[in-house]
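Next, two complexes with subunit A in common: one pairs it with subunit B, the other with subunit C.
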Partner chain A sequence: MVSEEEFQRLCEFLYRRTGMVFTEAKRYYVERRVVERMKATAAGSFVDYFARLRSDAGGEIEHFVNAFTVNETYFYREEHQLRCLTGDLLAERLRGKPPGEAIRIWSVPCSTGEEPYSIALWLLENWPLVDQYEIEILGSDIDTAVLERARAGVFGKRALLRLPPHVVAKYFAAAGPDAWKILDDLRESVQFSRVNIVECAQTRQYGRFDVIFCRNVLIYFDDASRRVAAENLYENLSPGGYICLGHTESMSRITPLFDVRRFADAIVYQRPAGGVGG
Partner chain B sequence: MLSSIKGQRGAWVAEGRKRVMVVDDAALVRRYYREALETAGFEIEEAMNGLEALEKLLQAPVDLLVVDVNMPQMDGLTFIETLRRQEGQLAATPALVTSTESSPKDFDAARRAGANFYLVKPISRETLAEFATMLCGIPR
Partner chain C sequence: MPLIRKPSTATSTPSSPPAADAASALFLLENGTDDERWAAARVVSQMTGGVAALAKALVGERDRRVREAILTSLARAATPESVQALLPLVRSDDAQLRTGALDALRATKDALRPYLPSLLRDGDVDVRLLACELARNLPAQEASHMLCELLDHETEPNVCGAAVEVLAEVGGPEALPSLARCADRFHGTPFLDFSIKVTADRIRLESTRSRE
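Let's look at the complex of A and B:
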């Protein structure tokens, strides 16, 4: 359907817009979404579609980028990691931290905000120390369009499907047909910023976090950028801090910098507490 | 009419609901306290710091203040001191201080500022509702 050269041009375009690297090996994944968007826009051929994409007719770039991200994201995704956060990770991070100190959590990439808001909701619902520490939650993404939507905090029913109904009732207000807006207190409790995780000049300015959620993005990078991203994230962790990846991802394949930790609910990676690592 | 707070939210008739202002710079904490108190039947107002609280109180008084200590612009103790110097009934608004600090000198400082009660964080939903009820003078 798409020639090799066309595929490469498309991948270059995607890389510039999202930082995601797609190789021939991911061709099926990319093509499936192209077909989806060609149908939605009634494009007769790939050439027509690509022209539409590049001219951003009808905001097609955003639709296209979203086809790679939004469908996959929803509240309380990988809930076992959230259970691990409140069950084990925070308890470990609090050791030696006096009450009132900051607990810093980074969701990157955060897409349209479901993940960082899920963290805030989860803490409110499940962590009895929520008022004892200063909780800072930062959501970052390379794509400014999704960040704008994250800041707006309006979600469709699909994004909320995994949330218990009483949680939806407590923290969301109806904002139109199939639109639910998260309450202002929750919106205020999460900060959003644009970050490309392969650019250390950008990641460095955010300082060190106790826990980083970086799910399902490294799989889209090539080996070199994956290593760079992992090293950047390592620098963004406090010694002893944790990073949670998507359930199909493995840090051990990327870099030996982190220790693997197995908890009751999840496997996570830890920046060694003492040394500088690697 | 106000015989019990053990009933569910909305058990009180509207004009009988006590109003509580939660003063805390952390949005998550405000939400947590709001929820605990709303569930217990209180009506909630929020402020991000002492200055905003004073401004809002001048517009509409409340029955109880739940006040964090460390806040930007105006901290909790300065806010309570300032409040106690106001004219009229406003000065007498009961204030429950919530703080992560737990040393006797912190308790003393709060008492000197004019706090009525002091709870050390973390505070469970039940505890907060219980002390708010007590400080609002609601018979149980």
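Let's look at the complex of A and C:
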């Protein structure tokens, strides 16, 4: 359906706009999304669709990006990192934090909200100091469609499978045959925003965080974009702040800016409190 | 149920606000504090004269964090000028700088391609060895072609070993004759004998499977 040359042009376009890289090995995956968007826009051919995309007619670039991002996730995914958060990271962050200063946690990309809500749930259920501190949780994603779903806070059974039943009963209300809505109080505890982590002009406006969860997104970037994203995240961490990546990812392979910290439950990366180590 | 917190009005400021304009950024890259040089290094590559300024700054930069930002910006620029700024550093005696330059060059992708053949023929053994690794990122056939050419002329077994390691990943049946000739030339060099045998066996196996 898409010729070799067209595929290359499309990939270059996707790279320029998002930093995501798709090689020939992902061709089927790319083509499926293109077909979806061609149907949705009633484009008669790839050439027609690509022209629409490049001119951003009807906000097509955003729809296109949304179709390419992977949004499958669930509550308490990689729970060991949440254990690490309350077992080690927060205690370290609180040392030396001025009284009254909020704890800031960023989930990026947050997809449909399972991760930032998981952080909120986990803190409420597992961190005895939760009532003593101002805690700000921000979820961000490049995909505006998933952000809308995150804000709505309605989830299917599959997303909730890892949650203990008493947690579901305490924080969710049935909202349909296979739908549970997170309670409004909790929903309002998490803020959401759109951000492209390769664009430092966008990431800078969010200031510094104590802990950033950035899982399973850097793998989609090429080397140069990965380095840029890592430097952006470095800027968004307070000195001594932590970043948690997906279990298959390694910051050490991207940049030497961070220190590796091994805790009982997880390996995480830390922005050095002083300069970058030797 | 607590935890409700609206967006912070006291959101801490970014660590390094960008310079207001190109002239300021270029000035700060040379004369600023560590934080200012870091911030400038992250933005000047998109400005006129930025890559040249980054290249100049890289030579004298001693702060590792700022150096990383410069390397990233040169990698992202991915122009002949940025590649030329990075290439001399693969000969550096500073291992961190050498590794950093290599990583940045790898990230320049297509911009590096025209320089690889000469790197693979460089008079410095270490440069040829590192160049083999850089070839890994090329399209498989192109990398295989370049590395086979190297194998046919290379006199240093360690360089051949590096090339063979990359060929194990990217090589196809077209690499088998060069591998065989290399094995003949270095017969009796145990690590290379072994490495070539493993690579050739893997290529033959894959080739057989793809015909089935």
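To be clear about the criterion, the second predicted complex is superposed on the first by the 204 of 278 C-alpha atoms of A that agree within 3 Å, B and C clash if a C-alpha of one lies under 4 Å from a C-alpha of the other, contacts with A are read in each partner's own complex, and residues count from 1 in each chain.
Note that in this section contacts are C-beta pairs under 8 Å (C-beta built on N, C-alpha and C of every residue); 3 or more make two chains touch, one makes a residue touch a chain.
Everything quoted here is computed from the prediction, not taken from an experiment.
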Touched partner set for A:Arg208, first subunit B, second subunit C, both or neither: second
Partner chain in contact with A:Ala174 - subunit B first, subunit C second, else both or neither: neither
Touched partner set for A:Pro128, first subunit B, second subunit C, both or neither: first
First, second, both or neither for A:Ala264, with subunit B first and subunit C second: neither
Which of subunit B and subunit C A:Ala120 touches, first, second, both or neither: both
Partner chain(s) touched by A:Leu183 [first = subunit B, second = subunit C, both, neither]: both
Superposed model, subunit A: greater residue contact from subunit B or subunit C: C
Which of subunit B and subunit C A:Arg227 touches, first, second, both or neither: second
Touched partner set for A:Pro99, first subunit B, second subunit C, both or neither: first
Common ground on subunit A, meaning residues reached by subunit C in one complex and by subunit B in the other: 120, 123-124, 130-131, 134-135, 183, 185-186, 188-189
Subunit C partner contacts - residues on subunit A that touch it in the complex: 102, 104, 120, 123-124, 130-131, 134-138, 183, 185-186, 188-189, 191, 200-201, 204-208, 222-225, 227-228, 231, 235-236, 238, 255-257, 275-276, 278
Interfacial residue positions of subunit C with respect to subunit A in the complex: 1-8, 10-18, 34, 42-43, 63-65, 68-69, 71-72, 75-76, 78, 96, 100, 103, 106-109
Residue numbers on subunit A that touch subunit B, as the complex places them: 98-100, 120, 123-124, 128-135, 170, 183-189
Subunit A contact footprint on subunit B (complex, rising order): 24, 26-35, 46, 70, 98, 100-102, 121-124
